[in-house]
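What follows are several structures.
Next, two complexes with chain A in common: one pairs it with chain B, the other with chain C.
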Partner chain A sequence: MTDGFKVGYPQALLYYKYFPLWETFFNRLGVEVVLSGPTNKALLNLGTVEAENELCLPVKVFYGHLLALADKVDAIFIPRMVSVEKSAYTCPKFMGLPDMARATETRLPPIMDPTINWKLGWRQYVKTIIELGSQFTDNKAKILGAYHAGVQSLHQYQDKIRAGATPIDIIESKEAPRAGVADLRIGLAGHPYNIYDKYISMNLIKRLREMGTDVVTAEMIPHSELEKESQTLPKHLFWTFEREVVGTVFHWSRRNSVDGIIYVLAFPCGPDSLIQSLLEHEMRRERSTVPMMSLVIDEHSAEGGFLTRIEAFVDMLSRKKKLAGRVAN
Partner chain B sequence: MQGFLGVDVGSVSTNLAMLDADGGVISYVYLRTQGQPIMAVQQGLMELEAKLDGSVDVIGVGTTGSARYLTSVVVGGDIVKNEITAHAVAAGHVVPGVRVVLEIGGQDSKIIFLRDGIVVDFAMNTVCAAGTGSFLDHQSARLGIPIEDFGRYALGAEKGALIAGRCSVFAESDMVHKQQVGYKLEEIIYGLCQALVRNYLNNLAKGRDLAGPIAFQGGVAANAGMKKAFEEAINQEVQVPEHFSVMGAIGAALLAKEEKLLEPGPSAFKGFGAAKIDYRTSSFACGGCENNCEIIKIVVDDETLARWGGRCGKWEVDIIRRQHLEPIGADCSKCG
Partner chain C sequence: MLMTFPQMGHVEQLIGDILERLDIDYMPPPRTTAKTLALGTKHAPEFSCLPLKLNIGNFIEAMEAGADTLLMAGGKGPCRFGYYAELEGRVLRDAGYDFTMVTIEPPSMGIAKFVRPIKRISGKSTRQIWRALKEGFPKARGFDMLEKRVLETRCFELKLGETTKAHKEAMATLVKAKTPAEVEGAIEAGMRLIDAVPCDREQPVLKIGIVGEFFILLEPFVNFDIEEWLGNRGVLVSRSVYITDWIGPTSKNPVAGTSDAELTELARPYLGHFVGGEGVPSVAHTMLYANEGFDGVVHMFPFTCMPDTIAKAIIPRVSRDYDIPVIHFTIDEQTGKAGVVTRLEAFVDLLVSRRRAKRAVNG
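The block that comes next holds the complex of A and B.
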């Protein structure tokens, strides 16, 4: 059944984290992967109309991508991401994503929703992968081979990011800007689907680079490092992706390795709002000297106010640095 | 005499300040923007020209406020800066050793922390404009009391009525309720000031250390009730600078002075005659991709002076500085 079979992959949410894995996996099984393309105003509007009003912005965006794929593919791939590590869960929205997709008013092609749940151990995980691949081939070795190739693609992608490229640079196959040439280094914290989506982040990374700063993100830090930093909290955070944000911010603030931190959060994300006050509180307690600014994005965000804040933040950092230079001389 | 001009065009007010070479205020103008920034700037230029009567030679111009880019095109600016930096610079200049700036404007509010004249941290209200000047304006219209008298009323109260300040809509229904049960107008108005201060401290200060000297500026600082409510809440003296309402413009002028020190050269100032130029703005939807960005154009005599508003940058042009901003890519579908 693989001949000409097309799987739709919404370019939203965990796309930025895992897409090389699944793209390679499907391609190796002879399945064509169709992307929904970068977010734009039309997609966002589509999603906002379709989605429950109380959902967070990234999920509304996801709906837009889903609808954009509706009549272009034979199936849509929406893995049910329950847990990606033994000790933690993802946000509940990810667990229910395939169900939320099925509940749309618009008729969608069949949804492929393997349950990814590392809490059940690796044996179960392998079983899930084989089940997923069995829709296209009976050859188990081929399925596992395809998955293995997928993991390698993912690692290559992660290596490129660690070397300083952002997922956007890689997706657009652009050269990553040379790190260390700018005067200022800004740590950009937040969910990949918020900071790497050029439309909803209002091109934040490009704007920051144009203002003469180096932008670093969580994905450029070794994962074990983030893990270690977030362990210092009195209580274990049970959401994987939020724990990554916390680990990232601590990594930068405790080492003084960036001039400033911008934390992008989406309205009305529950976990984000908790993490925001947690971070502010902890950084104050640790007497961190690295300034952090939170930027809240939602579908009504006006570009003007957004720009003012970014400009003011970069201004603050560069004036501070200039003064420090003057004192040192 | 040589002077530096600062223009701050915000959502509610448009302010111009002329500073001498030492940063002293020669003259200033405070106007309502009334949704027409170009007209407000031109009106301001005329009023300022009349006040100065040809005594000042403008050698640098800075613009700030939410219409800072537009204003820079209209007056011919040498530097365009965001209002946070402008307010901080002005406070640092006027209030010696200032460590905290409380600023409440028409549609936003900010708190700025400084050490040795340099901003070290700031916060600005997020998506919601509750507790800013326009809310007070709205209530003054509803109560039929001119906004200028709010402070006097507030100071006339012994204590404030307890009003919810989280949300403007709730605050309003709370005020109506308090009126109906018989609270005095003075108590309600002071209660409103206290609610705004509570809201401000919760949302912006968020438990940060408010060590003085503290400056309170922006249009809302005209309200003595707000100053008193702040002082009561944080138990410290709060200074309202003499030119509290035009601090953004003063900051912009100081930044222009700094810019001219760094990069000497003739100013881009178009002269006070810019008040008479017939600027026309128009807009159109690009249609190059699904984003359908709205592009704004400023035209004088069929010549496009500036154009902006697109996400990809292909329309962006600023003829005054002879700059064409680099587009992201000619391919419009790459927008976003």
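The block that comes next holds the complex of A and C.
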């Protein structure tokens, strides 16, 4: 049944984290993967109209991508991401994503929704992968081989990011700009689907680079390092992706390794609403000297106001740096 | 040491009773008012959910009145509630308050995390704590049972307000009960008192089920006392969550009458995995109410609540498939009573005419 079978993959949410894995996996099984394409105004409008209006911006964007795929594919791949590690969940929205997709007014092709839940252990995980693959082949070794190849693609992708490229650079197969040449180094914290989506982040990374700054993100820091930093919180944080944000900000602020941090969060993200306040408190308590600015984005964000704030922040950082240089000399 | 805890429905009587059994000095915060909400909104993160804001408001008002130890429940996610205590402590410290925070984690995170904080604060042994909980729990369940009986009675009462009066009296008796025998007697007496309210049980009533997020359903200040409002207009109200079902040692939910396992199974075609909070129960109870022939369902939850926003995205499909009208109320600090009441009146009118139309069709 794999001949000409097309699986749709929404280019939103965890796309930026796991896409190479699933693309390789499906391709090895002879299945074509069709992307919904980058977010644009039409997609966002589609999503905003279709989605429940109190959902967060990235999920509304996701709805837009779903609708874009509706009549182009034989099935849409929406894994139910419950947890990607033993001790934490992803986010409730990811846990209910396939169900929300099924409840849309628009008729969608069948949804493939394997439950990814590392809390249940690796045996269950292997079972899930085999179940997913057996829709296309009876050969278990082939399925596991395809998965293995997928993991290798994912690792290559992660290596490239760690070397300084952003997922956008990789998707557009551009060379990453050489790090360490700019005067200012800005840490960009926040969920990959907010900061790497060029449309909803209003091309933030490119703009920052054009202002002559180096941009670093969470994915460029070894994961074990993030883990170690976030473990300094008295209570274990039970959301994986928020723990990454916390670990990233701590990593930069405690080492003074960036000149400033921009924290991008989407309205009304549940976990981030608490994390923002938590980070501000902790940085104040630790007397961190790294300035942090939070940028809240939603479907009404206007480019003008956004740009003004970024420019002001970058100006402030460079003035601060010059001043510090003068004092040191 | 003077301990305090957040307000939510009759939690004041419930926790107060356990603390008395453990000889801990406590002072409940003043009942939640607009001032509490204003205080909470001022200090809490902007788009955090309403319960967090009210918790903070409650704590501030209690500390202004002399409390110095804050009791709070923990949790392990994925709902934000599990990190409330951590955040509330930080927000209040930033606001300049000095206090001790006692966080009780659910026993499922390890018995030690549950018992140790209580031991430290009360100086009691594990056995004494066990006994306090064991004897306090049936009393807590009694409050829930009384509430449930009140909901089933109010819509039939002949004189407006009689059921509410009986409820208050029954509560007052139960609050004073201590020993298991006294508690049992007080619950029975309370039930008799409510049953004795003059009623016309033959009159036809509308039946409305209330589903949604826990805190909003239990705290009359934020749900605008919707149960009493509906009951006074002759609507039989059924609520899907009760506090002892939630904190109880089993997931059988004896007061509401359905087990978590049943709810999960029922909701599966629409919501195939738990999403924290009341996500699955909200979907499942909507289906249950439809099956039980209710006229409509009211779904209430705080703005930005993750699990119930998911439920809200899914319930319209349930409503269509099961042919049951559902009205959603998203509550935040901007919500006004007049707006809620107007919508609710329209909803009740709709249900009345819907019933008439059905009767006309069925003869």
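In this section, the second predicted complex is superposed on the first by the 329 of 329 C-alpha atoms of A that agree within 3 Å, B and C clash if a C-alpha of one lies under 4 Å from a C-alpha of the other, contacts with A are read in each partner's own complex, and residues count from 1 in each chain.
As a convention for this text, a residue touches a chain if its C-beta (ideal position, glycine included) is under 8 Å from a C-beta of that chain, and two chains touch if they have at least 3 such contacts.
Worth saying up front: this structure is predicted, and the values here are computed from it rather than measured.
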Quiz item: Looking at the combined model built on chain A, do chain B and chain C fit side by side or clash?
Solution: fit
Exercise. Report for A:Phe267: first if it touches chain B alone, second if chain C alone, otherwise both or neither.
Key: both
Quiz item: Touching A:Arg284 in the superposition: chain B (first), chain C (second), both, neither?
Solution: both
Practice problem: Check whether A:His223 is in contact with chain B, with chain C, with both or with neither, and answer first, second, both or neither. | Solution: neither
Practice problem: Return first, second, both or neither, reflecting whether A:Lys6 touches chain B, chain C, both chains, or no partner chain. | Solution: neither
Practice problem: Have a look at where A:Arg209 lands relative to chain B and chain C in the superposition and call it first, second, both or neither. | Solution: neither
Quiz prompt | chain B versus chain C as contact partner of A:Ala51, first or second or both or neither | solution = second
Quiz item: Which partner does A:Phe238 reach: the first (chain B), the second (chain C), both, or neither?
Solution: second
Exercise. In the superposition described above, what is the shortest C-alpha distance between chain B and chain C in Å? Please give a whole number.
Key: 6
Quiz item: Where on chain A do the contacts with chain B and the contacts with chain C coincide?
Solution: 267, 284
Exercise. Going by the contact rule at the top, pick out the chain A residues touching chain C in the complex.
Key: 51-52, 54-55, 80, 82, 88-93, 95-96, 98-100, 102-103, 113, 115, 233-235, 237-239, 267-271, 273-274, 276-278, 281-282, 284
Self-check item: For the chain C and chain A complex, residues of the former touching the latter
Solution: 44-49, 74, 76-80, 82-83, 85-87, 90-91, 93-94, 270-277, 279, 303-307, 309-310, 312-314, 316-317, 330
Quiz item: In their complex, what parts of chain B are in touch with chain A?
Solution: 66, 81-85, 108, 116-124, 126-127, 206-208, 289-293, 311, 328, 333-336
Quiz item: Mind pulling up the chain A residues that touch chain B in the complex?
Solution: 37-43, 172, 197-199, 202-203, 206, 267, 280, 284, 291, 293-294, 296, 298, 300-301, 304-305, 307-309, 311-313, 315-316, 319-320, 323
